[in-house]
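Input: one structure, supplied below.
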Amino acid sequence: MDKDYLNSLIDKLLKNDISKDQFVTYLTGIFSDEFKFDTNRKLRLGFHEFIFGESKTIQQLIEIISSLEKNRIPFICTKLSDEKIDVISKKFPEVEAIPEAGMVRYFFTPPSPKKGEVAIITAGSSDIPIAKEAMFTLDSCGIKSKIFADVGVAGVHRFFNIKDQLYSYDILIVVAGMEGALPSLVAGLFPQPIIAIPTSIGYGTALNGFTALFAMLTSCANGVTVVNINNGFGAAMAAFRILQNKYREDTDV
Amino acid sequence: MDKDYLNSLIDKLLKNDISKDQFVTYLTGIFSDEFKFDTNRKLRLGFHEFIFGESKTIQQLIEIISSLEKNRIPFICTKLSDEKIDVISKKFPEVEAIPEAGMVRYFFTPPSPKKGEVAIITAGSSDIPIAKEAMFTLDSCGIKSKIFADVGVAGVHRFFNIKDQLYSYDILIVVAGMEGALPSLVAGLFPQPIIAIPTSIGYGTALNGFTALFAMLTSCANGVTVVNINNGFGAAMAAFRILQNKYREDTDV
Amino acid sequence: MDKDYLNSLIDKLLKNDISKDQFVTYLTGIFSDEFKFDTNRKLRLGFHEFIFGESKTIQQLIEIISSLEKNRIPFICTKLSDEKIDVISKKFPEVEAIPEAGMVRYFFTPPSPKKGEVAIITAGSSDIPIAKEAMFTLDSCGIKSKIFADVGVAGVHRFFNIKDQLYSYDILIVVAGMEGALPSLVAGLFPQPIIAIPTSIGYGTALNGFTALFAMLTSCANGVTVVNINNGFGAAMAAFRILQNKYREDTDV
Amino acid sequence: MDKDYLNSLIDKLLKNDISKDQFVTYLTGIFSDEFKFDTNRKLRLGFHEFIFGESKTIQQLIEIISSLEKNRIPFICTKLSDEKIDVISKKFPEVEAIPEAGMVRYFFTPPSPKKGEVAIITAGSSDIPIAKEAMFTLDSCGIKSKIFADVGVAGVHRFFNIKDQLYSYDILIVVAGMEGALPSLVAGLFPQPIIAIPTSIGYGTALNGFTALFAMLTSCANGVTVVNINNGFGAAMAAFRILQNKYREDTDV
Amino acid sequence: MDKDYLNSLIDKLLKNDISKDQFVTYLTGIFSDEFKFDTNRKLRLGFHEFIFGESKTIQQLIEIISSLEKNRIPFICTKLSDEKIDVISKKFPEVEAIPEAGMVRYFFTPPSPKKGEVAIITAGSSDIPIAKEAMFTLDSCGIKSKIFADVGVAGVHRFFNIKDQLYSYDILIVVAGMEGALPSLVAGLFPQPIIAIPTSIGYGTALNGFTALFAMLTSCANGVTVVNINNGFGAAMAAFRILQNKYREDTDV
Amino acid sequence: MDKDYLNSLIDKLLKNDISKDQFVTYLTGIFSDEFKFDTNRKLRLGFHEFIFGESKTIQQLIEIISSLEKNRIPFICTKLSDEKIDVISKKFPEVEAIPEAGMVRYFFTPPSPKKGEVAIITAGSSDIPIAKEAMFTLDSCGIKSKIFADVGVAGVHRFFNIKDQLYSYDILIVVAGMEGALPSLVAGLFPQPIIAIPTSIGYGTALNGFTALFAMLTSCANGVTVVNINNGFGAAMAAFRILQNKYREDTDV
Amino acid sequence: MDKDYLNSLIDKLLKNDISKDQFVTYLTGIFSDEFKFDTNRKLRLGFHEFIFGESKTIQQLIEIISSLEKNRIPFICTKLSDEKIDVISKKFPEVEAIPEAGMVRYFFTPPSPKKGEVAIITAGSSDIPIAKEAMFTLDSCGIKSKIFADVGVAGVHRFFNIKDQLYSYDILIVVAGMEGALPSLVAGLFPQPIIAIPTSIGYGTALNGFTALFAMLTSCANGVTVVNINNGFGAAMAAFRILQNKYREDTDV
Amino acid sequence: MDKDYLNSLIDKLLKNDISKDQFVTYLTGIFSDEFKFDTNRKLRLGFHEFIFGESKTIQQLIEIISSLEKNRIPFICTKLSDEKIDVISKKFPEVEAIPEAGMVRYFFTPPSPKKGEVAIITAGSSDIPIAKEAMFTLDSCGIKSKIFADVGVAGVHRFFNIKDQLYSYDILIVVAGMEGALPSLVAGLFPQPIIAIPTSIGYGTALNGFTALFAMLTSCANGVTVVNINNGFGAAMAAFRILQNKYREDTDV
């Protein structure tokens, strides 16, 4: 609630600069302000809309994108199949397709670059699409990131080859399927915030990613945080929260 | 690997200040250095040892604590039953018992206070012991925190009563059992990093905390990170990673 | 058992108005009466048949619908794929197709409007098809309802924007996938009967709707009742039971 | 939001009856009003507090009850073990112990009787404690109920013996463990609202009540609603919602 | 082991009627005799082979059927998709296709009719294909059966309409999906052996038949035996075991 | 329904031997007759009551047994802990305690011996208590049985040592925990009805008996039927159904 | 089957060195020989009996041990609680108690030492009891082993400190709870056979050892084999199989 | 670490044969040496690369294979669908397609034959593809193996027919779906190392192979080791570890 604005309104009312009806209308705006998050979200994140594409039909997606594009509202849309991306690309040439990450996005004004950089480390090469979902989400928020792929525990020398490069990053996102062991190794070696993404790579007891998820949550290394299976988007937004909190002077919203 | 030190060693060897044997010994130290984490952990965290008390018998705990106390090594030990805490308290008067958090700890030198403050928000009053595990772990790392208890979604006005106090905190730890809905509400309203702790409160379909865990991981709000069920310690350590990364100048380890 | 009718039969037997054989036949009718539910169902619900379309082949559906249409028996059929609806629509032009709810229906005489009105509230826009299944089922029973879509917990201001409109409804059906938190919020704010429908929206730990289901069942708000995952039809029928019980004078069947 | 009151306040401000500061203070009251639910809950339910006793230690319970009793606030507390009930009974003689339902309660003023009556039907005699939890919760809300015990599907004649008595009840709560078949039978025969409570009776594939829960949710009878395993309290509160909605003139809160 | 035959062999050896080598060969026959089950199976079941079609490719099936047909060995093959049945029917005109039961079969000599008759009772019409798998398996063993369809618990009058017809059957096979309640009702009313088949009909908490399976296993009625989900073949073979044991004089194999 | 009796009643009514009121009363008896199962159960099973002891408190058990003993109604009570058996034994000296089977029983008149004999085969020695539950239940029904213990698949020679003795039994009950493989072996070798009982012996992946249960249900041998985990009583009752059906002339009830 | 022995028997019979009766007796021995595993087991393993102690009561254990001791048959008995070990130790002074491994054992003649040596590596100190179960089982088979404790992935330097010592061992048994990551690391670095033992250490998503089990089975390193949760005995026996196969000349049994 | 080489380097440095910079570079090589596993893998296994084909798109596979073929690096690629194999076969004529095992492979130089032979035993004919995956993996490592198919427990005579042939094999791989009983039988009869592969054959309670997996892990026979469901490749690599350990003189890597 903006008390200065409230006082200025009262002054205007007392001076008859505004009518009683206008005053009531303006009041509602002030007190409801904490619930007008559209504006907040833009201020906070640098653009307007995220769309979860998986559970929506292509018809629903076309309607939503048409509406957003018409109003020139930037958005990213995740978890899209190749088929959906194809249809959207053809119908909306201004929308940028990123099939390797299962995403499309649309920017009226590109986000200004932000401070901080994120390392995205994957255990296998099959984890790369999820790593890219995280990378492009961060990019859409104006944050730089770099993918270090295929350095899983089964050939631990591969990880040690890249180890020295990781100390300079603000946040380490670690992506792994199957037994999901890599975040434990990383968290035992590095002091930064660790965000673990389990992936659905593997079969049988990999349980479509639940084994990696449970392994990461019960990691013997301390301070590992975890997001949903294959949730590259969520890990990126968690990193965004940490970085904006780190580098902004004021955290008021 | 400290290259300056390496070069100085080579110089000494060339100048015969050290023997070949000494040189070999020192080399081993340099190259193995990255694996000498005991020292690292002290530097990084401010003290030496965490002990997971649940899976250890009282005999094992007494042996470990005796050894640590004898060497005056600070430690915290979590997930202790009242019975174990009783025995430890009587045997080791210098060890501090914190039964409401299921912990004991021992400090040779108290940790220096660190920048940053954490809000720990609980859905119900039954979640308080886990909130305290987080609070005392943070305290043991020199970080201030405050618990806002019993503000769950079922009586959402209770949360709105404390809402304005939360903006100033660096990190929001949200603790909830049963349906675990509170982190979604909080993450929709606040821009800070959110660490969600599911608790095992509830019965039947609460599934000993798995429903809350799964709910938090599949939150419709973005950027929520999650730790294991009842893992107050882990959430605190994740917060510690974020804060030390935020407020320290150099992140080298 | 209709005792008056029984006594009149006995009188007729004693007066020789009916034979012993006729008497035995009529008796059977009286005592079996409680099991002749076809008639009961029509009286109670306003029409004859519900068909669960998911587990039936298109051949089976055509046979059943042919038979019902030939006898001009009204019915609704739920959980139909677009393919099945297409085939049925072409073959039976009199059958009404409602693809957005996965339903078809056929009415010889439209049901008379009934008292009471139901609000159907959804957490996300992906939940709308299940909300429509509930709405059209209610409509088929002669009951009005209104959908309030996309007001989930992650952007709680959206819910508060519609809050004042909900007090006038008799029953609140709340539809949510992912973490299924909305019914807890609603039940904490409103005194009406709450029927929660979990949906299968989400991935990974959403568990195809089981996380929402378990969350709703273990809600910290009291008096929430729950139906099967995606069961818009069932929630509507539960609402129908409550409303017919509320507004009818006699509940005898 | 009370617009009349708001306008009167503005009038007072314009007339200088109140200061600007007072006006701001009063405004806050109006706009926050919708979140002051304590008062609402009392108005709506007839008393103040429900306490979930299972996850609280005896120490916590004593603190809470002391505080409520001191303020003469009525409450019921559910899911208490015999041991907890014993301790509470001895310490608080004014608190009423109901060990057969695992409850205690305390009433400053008894609730006024309400219209409507609930039948509570159990499949086996082992389900009776949960039926009593429902009965005493209803009683605590001023609602009459009657238990019809041990009439499960395996000896279906027992159910038919009581069948005629059930038509006059407003709501049927059906309690069953093991295979949980009874609600399907009841819902096929009766038009009233059906609230099914699965219990944890049985072993092996009874899965501590989950088989009954899942069976009730996937009932082939329509319009069955379900609450958590062993949740007699929740079923009673759902019935309370239906009845207060049925018999009260105004549903405003 | 046939001791008389063994002694006669020894006599022959001692009399030089057979050589040492012959003796060794014959010995092997005697002692291995208990493992020659192919002959046993024909004697016991009336024909040679059952084939589980689900996990085999169409190529594998064609090879197997070619071989069996060439040797004129009767067989039945279950769990076949419509596509597989089509291919088999076209390639092997002598093989009988039973698509409504997902089966094909081939009989060099039809099995002789056996004593005993089985009632197959289904809860819903969607359960009929599994009932037919049982019926045609029994038919292939020479046993008569009759299907009583769509008499589930939700409309219990339908079951009572057929009740009197069931007493004369030797065995009751009860087929049900969703909550799987029908076997409990039947077992409470009838003294015959009950074989329950859970089916995968239903969605959400029907758990692809596991809820019905678990419900049947934890039935409150006593003496219900259960087979795997959708296992019409297995139930028929269990009935075959009971009937051949009942009506045959000697059970030696 | 007894038509002769019905006709005689009508005759009496016509002759004024009974009043109209008496006639109505008697009618009710005839038509409800099919639901008076107490009598049926005695006729069918040879005695009156089975009690499931696990979910009942010792107080409940004492009340029930007092009532049954006072009325001299025979019963068996299963799944009793040693503690419960001790208390019952001391309080009711006439009740027979069978602690090795977790049962007590009470017989006013011993059941007459019935034809048929059952072999109960266990995989391990830890399965013996469940085998005894089956044996004593059969004994309580007047049926002989013999236990063949500790002949599991891991030492298959032990089974072959007893193999020849099994052909003469009417029914084979096979009891196994851990991987539950024994019923498959038995069903591949013997033509009799096979009733498999999974037990909760084993740890880790034995899953408290669910692995054995699932293994038995998905047995590669055909015609195996299964009961709940540890359900010796249920297997015995299933055997009883088969035997009474085999050896009685008339199966009417 | 020993053909030489058979031929020698026939020769003896032909020469009248043995009677017909003796011949028949000896034959049975030869042909049944493959099922006389007691002898085989002694030959193969070096002693007679393993007993699974967990599912047996103390009474059963006393009977079994009395019988074995009387016949001076060596045995080991695993998965014993401290209470059971206490009772056994007092009653049988000759039996060796190994409480840190939950075992007792009894040796008439100590097993002769065998070739080969096994390294047992544990992730945490809480895994040591299971490691000891493996070590003492190997010891009871005459095989040397050494435990390398507390070298888990979270502090990977600890493992590298012992790495060079591991190359000389024949087999690596790796014991880990929580996320079970250590076997992947080890299998990526070493060429020997790897036997992984998951333990039940951890809470919440550790799932009593199932997360470690599933992780080990879906390891990204190749050639890892796994035994049941906490099954130190089983891992030792698997190692025994490998070693006796490696170092013995003839593998005939 | 090669100390001789280190000393020679120091000597060269002291003699100015190498510069300080060269010395530092060489040092890094020595100390990192233990992490250069590519070379190790070739030395150890006889060829270079394994590729997990299931989670990779056809595009990814073409890129990887192109790169390997260009560099003439031998590889095998497993878990390929028929479609993927078709595309690869057409594009890379030199790559060998093995569709019956879901594999392709490419050999610049065929592996030299190794000592030792493996028996692969399957319970059913549907298990053969997984058996072939194991066989061709072994073949790719230069190891001979033989498949004994369709000898499962339900017709145990089939297994006894092949029994005598199995003693001469070094390792027994046992493949089974459904109830997974065969490894228990085999491990009870044979002293060799047993590697059990559960397969996903079966339906309902077969749980896509988890029942077989759990059954094998909780086998009552001792010393059975297990790999992931359908993991023919993993079982082969485990056998390879055992054999190379058995037949090679030096195990250094």
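First chain written, first letter: the chains are A, B, C, D, E, F, G and H, and each begins at residue 1.
The rule is simple: contacts are C-beta pairs under 8 Å (C-beta built on N, C-alpha and C of every residue); 3 or more make two chains touch, one makes a residue touch a chain.
Given the structure is predicted, the values throughout are model-derived calculations rather than measurements.
A.B. asks: Which of B-C, A-C or C-E has the same interface as D-E, meaning more than half of the contact pairs match by residue number?
C.D. replies: B-C
A.B. asks: Quick one: chain C and chain F, Cα centre-to-centre, how many Å?
C.D. replies: So the centroids are 41 Å from each other.
A.B. asks: Hey, what residues on chain D touch two or more of the other chains?
C.D. replies: 34, 37, 155-156, 188-189, 202-206, 213, 217-218, 222, 228, 231
A.B. asks: Who touches whom among the chains?
C.D. replies: Touching chain pairs, listed by label, come out as A-B, A-C, A-D, A-G, A-H, B-C, B-D, B-G, B-H, C-D, C-E, C-F, D-E, D-F, E-F, E-G, E-H, F-G, F-H, G-H.
A.B. asks: Flag every residue of chain C that touches chain F in the complex, lowest number first.
C.D. replies: 3, 6-7, 10, 13-14, 20, 23-24, 27, 31
A.B. asks: Which part of chain F faces chain H closely enough to touch in the complex?
C.D. replies: Against chain H, the touching part of chain F is residues 123-124, 152-156, 178-181, 184-185, 187-189, 202-207, 211-222.
A.B. asks: Okay, in this complex, where on chain H does chain A touch?
C.D. replies: 32, 34-37, 52, 54-56, 60, 79, 200, 209, 213, 228-231
A.B. asks: Name, in rising order, each residue of chain B that touches chain A in their complex.
C.D. replies: Residue list for chain B touching chain A: 1, 34, 37, 44, 50, 163, 167-168, 170-171, 188-195, 213, 217-218, 222-228, 231, 233-234, 237-238, 240-242, 244-246, 251-253.
A.B. asks: Which bits of chain F are touching chain G when the two form their complex?
C.D. replies: Interface residues on chain F, with respect to chain G: 125-126, 155-157, 160-161, 177, 201-206.
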